[in-house]
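Below, chain A partners chain B and then partners chain C, in two separate complexes.
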Partner chain A sequence: MLNAWRWWRGIIIAFSLVAIGRLFLPLPFVNEVLIFSIYTIGCNFLLGRVGFISFGQPAYLAIGAYGTAFYLFYFGTNPYIGILAGVTAGFIFALIVAPLFVRLRSDYFALVNLALAVIIFYMMQKVLVKITKGDNGLWFLTNITSTPILDLTKPSDFFIFALLIAIVLWAFYKYVDGTIFGACCLATKINETKFQFLGYSNFRIRLMAFVIANTSTALAGCLYAVYLGSVSPEITSPSRTADPIVVTILGGVGTLFGPLVGTIAYTGLRDVISKMIGNWELFIGFILVFIMLTNSSGLYGGAENALNKWLEKARVSNLNKKKPK
Partner chain B sequence: MTNSFSSLEVIQLNAAYGESKVLFDINFKVFPNEIVACVGRNGSGKTTLLKSISGFIKLSSGEVNIPNHNLVGLHPFQIAQLGIKYVPQDKKVFSDLTVRENLELGSYASKDYNWEPVFNYFPKLKLLLDRKAGFLSGGERQMLMIGRAILGAPKLLLIDEPTEGLAPSIVTHLRHVFTELSKKTSIVIVEQNLPLICALANRVYAIREGRIVAELTTPDEITPNVCEPYL
Partner chain C sequence: MDIQLLFSGVIFGLSLASIYFLISIGLSLCFGLMRIISLDQLLYYSIGAYITYSVVTVSNNFWLGIIAGVMVGGLVAFIVERLIFRRIYERELTFSMITSFGILLGGIGIIKAIWGVIPRPIKPPFANQIDLLGTDVPAYRILVIAIAGLVYIGIWLFLNKTIIGKAIRAGIEDMNHVEGLGINASRLFTITFVLAGALSALGGGLYAPLIMVDPSMGLEILAFVFMVVIIGGLGSIKGTLISSIIVGQVVSIGSLIYAPLAIMAPFAMMLIILLIKPTGLYGNKLNK
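== the complex of A and B ==
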């Protein structure tokens, strides 16, 4: 029981704070924080655990979003089935792309993903205009039917749903980090050559990690689609390709709660500063430069390191006090 | 394929780094429970030989056989899965993982979760299980790398300069470990430490400029005095 509490406490505390924040902060802001942090956790896993930097996350986000949108616009009205359709589309897409991409070195991987995001953008904007409606996008807010228990057409119910999804997803990533597979991911990042000498295939481990990360990114796309009731090519705009990486670095690469803290900081700064001045990205840029020059662990990573140091200091000081003189 | 009596047979092996040829017509055999040492100067091709056997370097020509398998063209991970474990020279462990996680990686790959033999050879590792491997000393790292490699009862261990930069007490300990290990597996060891080689090896191959120039097989030949001219 105690062990279960120890395992869950971080997740419960973090998302309880988000739930409390819901009482004081505007609902759209909290909903966006939840969806954006779900969007970022896949990028955080790829970058922090596997060592792959991807500028193509909007592509996977868009596949999830359009998967949901196609279902809700053309075929059905149940948002849960729409989300399932989007996640399935994201999973299949990642599975198709993964064998081609994960063979590449990290720098090429970053660029080929960026190219993919651009391709998906133009596919949705121009090539598939008959079914995507081009720049106008697909509007299906009124198509979505109310569902029992959690009615996703209501933003307040959507918040609870997104919160539950986030808790499950964070628990999943925490579990994965603690498994042999998690250790394999880290090992392939640290030294891919030596990893093979143990009898592992880098390709298989990276493929699995890629599919997991981008399926969760697609899940964020599905949530965006249901929450907004519309999807347009803007979701995979080339100008937004760096967003998840910025948030990952801001929060702390490879830390469990970095994506959540980074998203709160990023979305908060954007909302607060953009009301005062237009160029809010400038501030984010300065903050990123500051973080990278002073503490590469990011906001959450830095706070976690400082807390650990303080706890260690307190423990040593207690031990010294207990020692008989 | 190799005959059933030898653990490894290398036939007419040639290897190159791009245009630069490094190994020329290497032939040798390793028999079960044998310790075979390769000696030679820096740059003579000893490490390249181990990397060629373990699949890290593609051969220009030649064969590398173990019983029932030809290793040529296999990926390093497939060769490791066949029980040929390579312990590289640079003592780089997975530094962000704990000793326990490093051993778990070895266990999961080889499906051998019994760590007792590892702790029998290296009792210190048991005390360091929760320490990040990046904080281990050079000797402890070498223990971890060898401990991880012996999980799954490998058929052949390829060990590259295991005592380089280690304290004499650890070298002595490793010597006992290799002697014990050779009762269960064959070992190919690349080493510059001649007293150690001469105490351990059943056969010694001297390599010079990518060619085997001598094969020392009798106890009278395997002495520091005889080996020294090849270094």
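== the complex of A and C ==
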């Protein structure tokens, strides 16, 4: 019981804070934070655990969003089945591209992913214009029916749903970090030759990690689609490809709550700054360069390090006090 | 297909290839020598185009605009190299990628602040057509191809006949030995980076009359430049030339056959080439 509490403690505290924030922050902001942090955690896992930097996360986001959108626009009305359809689409898509991509070296991987995002953008905007309606996007807010327990058409109920999803997802990633698979991921990042020597397959581990990360990215896309009730190619536009990377680095690469903290900082800053000067890219660019140059470990990473150092100090001074007796 | 249409398609493709070549050669050189992925080449490309636009509207002389664009592009590259890249050469590849993407985004923000977000047209220096093998082709496109050809020859001579060029080539093979021979590595890096930035700016200035100049022009061409670099193999100049010609032709001929193919075909080709050879046509395995 105590162990279970210790394991869940961080997640529960973090998301209770988000739930408390719901009381005095505007609802669209909290919803955006939840969806965006789900979007970022896949990227965080890839970058921090597997060592893959992906500038193409919007591609997977768009696949999930369009999967949901197609279902809700053309076939059905139930948002839960829509989300399921989107996640399945994202899973299958990741499974198709994964064997091609994970063989590549990390730099080629980033470039190919970026190219993929741009291609998906053009596909949705121009090539598949008959079914995606091009730049106008698909609008299906009125198609979504109310469901009995959690009514996803209401933003307040959507918040509870997104919160539950986020808790499950965070618990899942925390669990993965603790398993042998998680250790394997870290090992391929640090020393792939030695890892191969131990008898594991780099390819298989990376494939699994890639599929897991991008399925969770697709899930964020589905949530966006249901929440906004519309999807347009803007979701994967080339100028937004860096968003998840920026948030990951802002929050702290490879930390569990980095994506959440990073998202809150990023979305908050964006709302404040675009009201003040309206020139948003400039600011993001400079933040990115600044964090990279000062070599800091992000907001959450930095706070975690400081906390650990402080705890360590307290422990050492306690020991010193005891010694003379 | 009409043979005249095909011929003008080939010329169009070659002029596209020239622009791709001018930008991706910088990316490729930077990767080869300093082991960085410098996405901010796309920023110098935009700066080159914008400076050309400004000078042309003031002085009405296109060539003055190009020269000013190249000089400002090189200057900005110099400042960025001294201030930022200097500190991150030793770091991992992904590090330089993220940093340079930050520079690109910040630069686009500055461009938006100075010139605004409205796309602006530039008049080509001459609009007449040349009769080539019974087909009318725009003279300006021929000129762009000729300039890119000259640049390739110039780079080849620079790398093969001058001491600095030879040092750069040796540095691509093994930087430690070059340093051991007493060659100033940091000056070599600066020269290469400024050269790359100036070439990107030249590409931007030359391409500006063919398209509209707008703040996100760098992001639009990004995917194509990447395809060129990936297909050719990072760090290889010959590979960059060949793959830029391939991508240019595929875009141009593909759009003649079926318009959306222009964007899809190079990507499909890139995937196939990467499946067969994960390091691109002329790339080799590099350790870092």
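The rule is simple: the second predicted complex is superposed on the first by the 323 of 325 C-alpha atoms of A that agree within 3 Å, B and C clash if a C-alpha of one lies under 4 Å from a C-alpha of the other, contacts with A are read in each partner's own complex, and residues count from 1 in each chain.
By definition in this document, a residue touches a chain if its C-beta (ideal position, glycine included) is under 8 Å from a C-beta of that chain, and two chains touch if they have at least 3 such contacts.
This is a predicted model, so every value here is computed, not measured.
Enquirer: Could you check whether chain B and chain C clash or fit when both are placed on chain A?
Expert: Pair status: fit.
Enquirer: Does chain B (first) or chain C (second) touch A:Leu111, or do both, or does neither?
Expert: Only chain C is touched by A:Leu111; chain B is not.
Enquirer: Which partner does A:Ile81 contact after superposing on A: first (chain B), second (chain C), both, neither?
Expert: The answer is neither, since A:Ile81 touches no partner chain.
Enquirer: Using the touch definition from the top, say if A:Tyr200 reaches chain B (first), chain C (second), both or neither.
Expert: Touch partner of A:Tyr200: chain B, not chain C.
Enquirer: Look at A:Ile190 in the shared chain and tell me whether it touches chain B only, chain C only, both, or neither; answer first, second, both or neither.
Expert: So A:Ile190 only meets chain B here.
Enquirer: Touching A:Leu282, do we find chain B (first), chain C (second), both, or neither?
Expert: After superposing on A, A:Leu282 lies in contact with chain C but is clear of chain B.
Enquirer: Rounding to a multiple of 10°, what is the angle at chain A's Cα centre between the Cα centres of chain B and chain C in the superposition?
Expert: The C-alpha centres give an angle of about 80 degrees at chain A.
Enquirer: Per the contact definition in the header, classify A:Ile273: touching chain B only (first), chain C only (second), both, or neither.
Expert: neither
Enquirer: Which partner, chain B or chain C, touches the larger number of chain A residues?
Expert: Looking at chain B versus chain C, the one contacting more residues of chain A is C.
Enquirer: Please indicate which partner A:Leu293 is in contact with in the superposed arrangement: first for chain B, second for chain C, both, or neither.
Expert: Touch partner of A:Leu293: chain C, not chain B.
Enquirer: Report the closest approach of chain B and chain C over their C-alpha atoms in the superposed model, as a whole number of Å.
Expert: 11
Enquirer: Any idea which chain A residues touch chain B in the complex?
Expert: The contact residues of chain A facing chain B are 180, 183-184, 186-187, 190-191, 193-202.
Enquirer: Give every residue of chain C touching chain A within the complex, in rising order.
Expert: My answer: residues 37, 84, 87-88, 93-95, 97-99, 101-110, 112-113, 216, 219-220, 222-223, 226-227, 229-230, 234, 260, 263-264, 267, 270-271, 274-275, 278-280.
Enquirer: Quick check on the complex: what are the chain B residues that touch chain A?
Expert: 54, 56, 75-77, 80-81, 85-88, 92, 94-97, 101, 104-106, 108-110, 148-149, 152
Enquirer: Chain C touches which residues of chain A in the complex?
Expert: Touch list, chain A to chain C: 47, 51, 53, 55, 100, 103-108, 110-112, 114-116, 118-119, 122-123, 126-127, 238-239, 242, 245, 249, 279-289, 292-293.
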